[in-house]
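Here the chain labels run A, B, C, D and E in written order, and each chain numbers its own residues starting at 1.
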Amino acid sequence: MSVILDVDGLAKTYTGHGREVEAIRDLTFRIHKGELVCIVGPSGAGKTTLLRCVAGLLGASGGTVVLDGSTVTQPPPGMAVVFQEYGRSLFPWLTVRKNVELPLREKGLGRAERTAKADAALDAVGLRDSADAHPWQLSGGMQQRVAIARAIAYEPSVLLMDEPFAAVDAQTRADLEDLVRRLWHQLGVTVLFVTHDIDESVYLGQRVLVLSNRPTVVLEDVPIDLPDERDQLGTRSSARFAELRSHVYELIQQAKKGHRPEPAGV
Amino acid sequence: GEGGDAATSSDGTTALKVGVIPIVDVAPIYLGVKQGFFKSEGLDVTLETAQGGAAIVPGVVSGQFQFGFSNTTSLLLAASQGLPLKVVSAGVASTGEQGKDFGAVVVKKDSPIKTAADLAGKRVAVNTLKNINTTTINKVVRDAGGDPSTIKYVELGFPDIAAAVAKGDVDAGQVVEPFLTIATGQGDRQVVANYAGTDPDLMVGMYFTSQQFLAKNPEVAKKFTAAMAKSLDYASSHGDEVRAVLNDYTKIDPEVQKNMVLPKWPSAVDKDSVQVLSDLALKDGLITKQPDLGTLLP
Amino acid sequence: MTTLSALAGRVATRPAPLTKSRPAALGMLGVALAVGLLEALPRLGIVDSRFLPPFSTMARSLAGQLTTAEFWTATGQTLRGWALGLAIAMAAGIAAGVVVGSVPLLRALTASTIEFLRPIPSVALIPLVVLIYGSEMPSALVLVVYASFWQVLVQVLYGVADVDPVVRDTARSYRFSRRAVVRTVVWPTAMPYVVTGFRLAASVALILEITAELIIGVPGLGRSIGVAQSSGAVAETYALVLVVGVIGVLVNVLARAVERRALRWHTSVRGDL
Amino acid sequence: MKRVLTTLALPAVLVAAWWFASAHSTSFFWPPLRTIVEAFPETWTADPWLHDVLPSLARLAIGYLIALAAGAGLGVAIGSSRTLREICEPVLEFLRAVPPPVLIPVIALFAGYTGWTSKIITIALGCVWPILLNTIEGVRSLDEVLRDTARSYGLGRVATLWHVVLRGASPRIATGARQALSIGVILMVISELFGANRGLGAAIVQFQRGFAIPQMWTGIILLGLIGVALSALFRLVEHRALAWYRGLRQAERGA
Amino acid sequence: MSVILDVDGLAKTYTGHGREVEAIRDLTFRIHKGELVCIVGPSGAGKTTLLRCVAGLLGASGGTVVLDGSTVTQPPPGMAVVFQEYGRSLFPWLTVRKNVELPLREKGLGRAERTAKADAALDAVGLRDSADAHPWQLSGGMQQRVAIARAIAYEPSVLLMDEPFAAVDAQTRADLEDLVRRLWHQLGVTVLFVTHDIDESVYLGQRVLVLSNRPTVVLEDVPIDLPDERDQLGTRSSARFAELRSHVYELIQQAKKGHRPEPAGV
């Protein structure tokens, strides 16, 4: 497997409006083609910032992000993003279906194909009924599922998801987790998945990247050595799962307490 | 190009556009068109109305209009600035009679202003500042022994002058017909007829063209002058028809139409009175050098 | 103040069934008040009725004019000049606004020039347009376009700047083409601003059309007003002014209808506030 | 430095183009730019600055500020109340459509013909529309969640108006205020065509009527320069007052 | 304990824009003064709708909401709401501190007291450092915590929270849960807490209201008979907790499958 994403010494400091925030100090990691990597870390650690840098939406203040052999300076092709601000990422002037179809249209798909893919994606997230509603007529969780449907209908080769299941109920969340794993298997897509749910990160990922507190570095890169076939009941009740989840939980607690892998500071 | 050509059609008639102001002064040309004086000269005249010289003079210079009507002082100002204009016909003149002219300064009935001299130091409304009305008022005030430099002129449209006088915002206002009749009908009092007081034969307005047009179309200009002369004469002798033709291009109330004073329409330009206006313009600082009247006037 | 009780009212009472006649009825109430005022002020002698006749006098004069062909021709001419000028200004203003607004460098380059040109009054341009077009329709057209273009442009510029960054990023991350971004993101965001721009430009265009007719003598209602003014026909003048105002009101009704359709999705319309 | 360059580049090009295109102009109404520039200092000496330009600017400032206050105030009221909007709209639209040349005499009937009042009212009446319309729309498009937040915390009338409605609508109020600025300059001129004897607008029109064409051009250029200066001033204020909005709009663009 | 909130036959149908959505069909329940009640239900069930009706922000289409003896027609005094759209509920033109202080000012508190309360609240959610930032300079989870800080600084007598911890990391979430319980104990405030996290609902609540699928009715009102003293490790590992959580989880699964307590329909 080849390296698809190479983040090397990434740093990002927000300046302007009277504040200077060193969000990311030094992030280095690699992701192979077709991997599913989860990212966890304290609130405000810089997960969203990292994702935006990878997506080419934000310029870094230091280091490089190389995707598929070329340095990322603008959004690369074949990428889909589910934003943390799912509500604001939907076009309020379009219906749900049109929201899902629009990127497909930009991809150059014909009408029939677009409709088919959009319907399938909406079906998958359980929103077929609401296809003709506008986003602001939907509940929070439904809006979030529209954003997910849009991303999966796009059939990206790289999928970035920022807390995509934060607003849906437990059962739907489980269903969507399985959906993501299924799609990942089917399409061979590389997935970067930010979540706060530790169980979720362990259940979904092949690796879990735990970030430190701000200014952020990688605290630990936890390989998830669970069998590839996962199911909600079996996997979650396995002993290894419990081990992994408590390990990640501990890391998060350390991160919150300010623990860092090396003495912080220059 | 400026000063374009006249469009002559195959049957020999020349189509002309003449820029005029929709006021009593230009009644003769309407009457002349109606009477066919222009037709018989082979001129097909279209009359276009505008609010004042600001719109007509550029139109004539650029050839959008072949001829135009303007007050004499405006023409003098244009000429002194080097604008290549040429007067082709007399336009309208004062009746020369105090109290029976078509333009005058009015005040409220109970105003302390009795004579022209009393205007000194007062607020006087005129329709355009630094133009024929201010120079002639200055002249009559000066002649009456007042100091015109103390007059505070205010610019207001003719329709608003009576209202401003009535409201007391100005002490006096210079108006022309039909506003003069309307104002006196509402109880205002005439103080002085500034045109008649300046010169009994004062040439208040004239028809003009551009030098370029004249150079290229001397025949057309000649025909226009001839037709105008006929029209002016006809208007001078057919007062009732003049009052009737006003219905074609104004909305003057019939009662006012009947009572208003008509100006004089001599067919020749009174050069002396133009010289008087030119002197006044120089004296009041409207211009810095005398225009060459020889070039301006026919 | 009605402001906040209205806010509260949205919750307290069940939203009143939105019958079509309600806005119209309320609008008529406003008109009736204004007409009443216009009738009463001169009648009570608060203003001099010689200079501002009571509404009934204006209405009578208007009724007289409504029967003349001249009036309708003039109205037609005014409306044609207005519509044409407005259409040109809208098209040019939107195109320029979207282009300049989406390219920061262009915006920086043009900013000072735009600010220089905008405050130049159209009346000052009158001699120049007469020089080129005389008292024909194009003269008025140039003035109309010049004046209303800026209204649209500025609205569009601000509208384009109002794009939600998350929405913009969404479009970018799906690699929308420049054209697609304009069509699917920038345009809908700027739409509410454009509608306001249309309403502003529509009345500015009408004002300039009338003013140009009045001063230059381009055929139309404005010239009729000019003639009535210089004849001292006060009632006729105001009757024509009433017509101009009514045209303005109708234009607004049109704009509101367009808005309700085009901005169904927008907070301002969907909130039935 | 770079900003100065970008600001001045286009004007420089345009001025140069004008300069050369008009250099040999013999047209009376389009004099060479050189003539105009030469006429500038002799036209705008101390006296006209003191008696024409400054009073005009003072009237403009007063009228504009009145319009700003009235437009934002009325706009908030009308934007917040559907009923009020429906009552007022036809009448306001009527007033809006009436051209200043015919409206000014009516204003003068009430406010006097010669003083400052009617001129200030004219300016204010012209400037108020873009502010009013934009404020109304700004208030209407305020985020519902913000509105609900204010209500659920029981924010009082004044606080809601001041801290929520006005602030939320302020980007659109600024749009309107920017529009109004140049309209104000235009109306400053138009208002002086009526019942004035001095003032920048009156001066320009008198040049025009007196066929002092280069001088008229200097006046037009002066108006443009005033426009630029005012807009720079405006931007300064806007920059401070709407810093949050710029931040919000750029937040994700990697500031 | 007296009944503070009486929801009786509440129904809400959204109409307009070419859609008619019967969100809530018939909700009836009572809450006593000082209770902490969690609400769970499938995504799109109508939890937010219910909360907005209780808050007096939305008119019902049927039934009544009586709070403290009077029918709710507009937001009652002494109530604080944490909205699901936390990001949009913050005033972007105010700094974080001013956002928290604004409601206090309206309450008539003096400057010193306001500052003290705001600082304490920001401290409690771990945002003291960011007090002078604007909301849009914060991460999603930080924004959500500002909204929470605003609500707790207000010291309401009724606190409505709509998925208030959806965007924060696990550790912070645990801390905030304990914060809510602590405040609830201290202030005797009545809390209505919407969440998708079943563990959270059981851990926090005295009762968990499980809602059915749309059109919504109450599926079951689960009393949580855990001891009042709760702590993250002990409580969560107790057998009763596990029972309760799996019971609630089953209910949610049933709800998702469309199970209803009685034959639906009129």
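The rule we apply is simple: contacts are C-beta pairs under 8 Å (C-beta built on N, C-alpha and C of every residue); 3 or more make two chains touch, one makes a residue touch a chain.
Labels paired with UniProt names: A, E = ABC transporter; C, D = Nitrate ABC transporter permease.
Computed from a prediction, not measured in an experiment: that's the story for all the values here.
J.: Chain by chain, through touching neighbours only, how many steps does the shortest route from chain C to chain D take?
T.: Each step joins two touching chains, and the minimum needed here is 1.
J.: Just how many steps, at minimum, does a route from chain B to chain E need if it may pass only between touching chains?
T.: 2
J.: Count the C-beta contact pairs for D-E and for B-C, then tell me which is higher.
T.: Result: the pair with more contacts is B-C.
J.: For chain A and chain B, what's the span in angstrom between their mean Cα positions?
T.: For chain A versus chain B, the centre distance works out to 82 Å.
J.: Roughly how many whole angstrom separate the Cα centroids of chain A and chain C?
T.: Going by mean C-alpha positions, chain A sits 48 Å from chain C.
J.: Report, in whole Å, the distance between the mean C-alpha point of chain B and the mean C-alpha point of chain D.
T.: Each chain reduced to its C-alpha mean, chain B and chain D end up 37 Å apart.
J.: Counting only residues that touch at least 2 other chains, which ones in chain C make the list?
T.: 8, 48, 51, 127-128, 131, 164, 166, 169, 214-215, 229, 237, 266, 270, 272
J.: For chain E, write out the residues touching at least two other chains, lowest number first.
T.: 17, 56-57, 74-75, 85, 88, 134, 137, in rising order.
J.: Do you know which chain D residues sit against two or more other chains?
T.: 29, 105, 109, 143, 151, 193, 205, 208, 247-248, 251-253 - these are the residues of chain D that touch more than one other chain.
J.: Taking the touch rule as given, give the residues of chain D at its contact with chain C in the complex, in rising order.
T.: 3, 6-11, 14, 29-30, 76-77, 79-84, 86-91, 93-102, 105-106, 109-110, 129-130, 133-134, 137, 140-144, 147, 151, 157, 160-161, 171-172, 174-175, 178-179, 181-182, 185-186, 189-190, 193, 201, 204-205, 208, 216, 219-220, 223-228, 230-232, 248-253
J.: Under the definition above, what is the set of chain E residues touching chain A in their complex?
T.: The touching residues are 14, 17-19, 21, 40-49, 84-85, 87-88, 132-134, 137-142, 145, 163, 166-173, 196-198, 249, 252-253, 256.
J.: Show which residues of chain B lie in contact with chain C when the two form their complex.
T.: The contact residues of chain B facing chain C are 17, 19, 21-23, 48-52, 54-55, 57-59, 61-62, 64-65, 157-160, 162-163, 166-167, 178-179, 182, 186, 249-253, 256.
J.: Using the touch definition up top, name the residues of chain D that touch chain A in the complex.
T.: It comes out as residues 243, 247, 252-255.
J.: Can you list the residues on chain C that touch chain A in the complex?
T.: On the chain C side, the touching residues are 164, 166-167, 169-170, 172-177, 180, 184-185, 188, 191, 265-266, 270.
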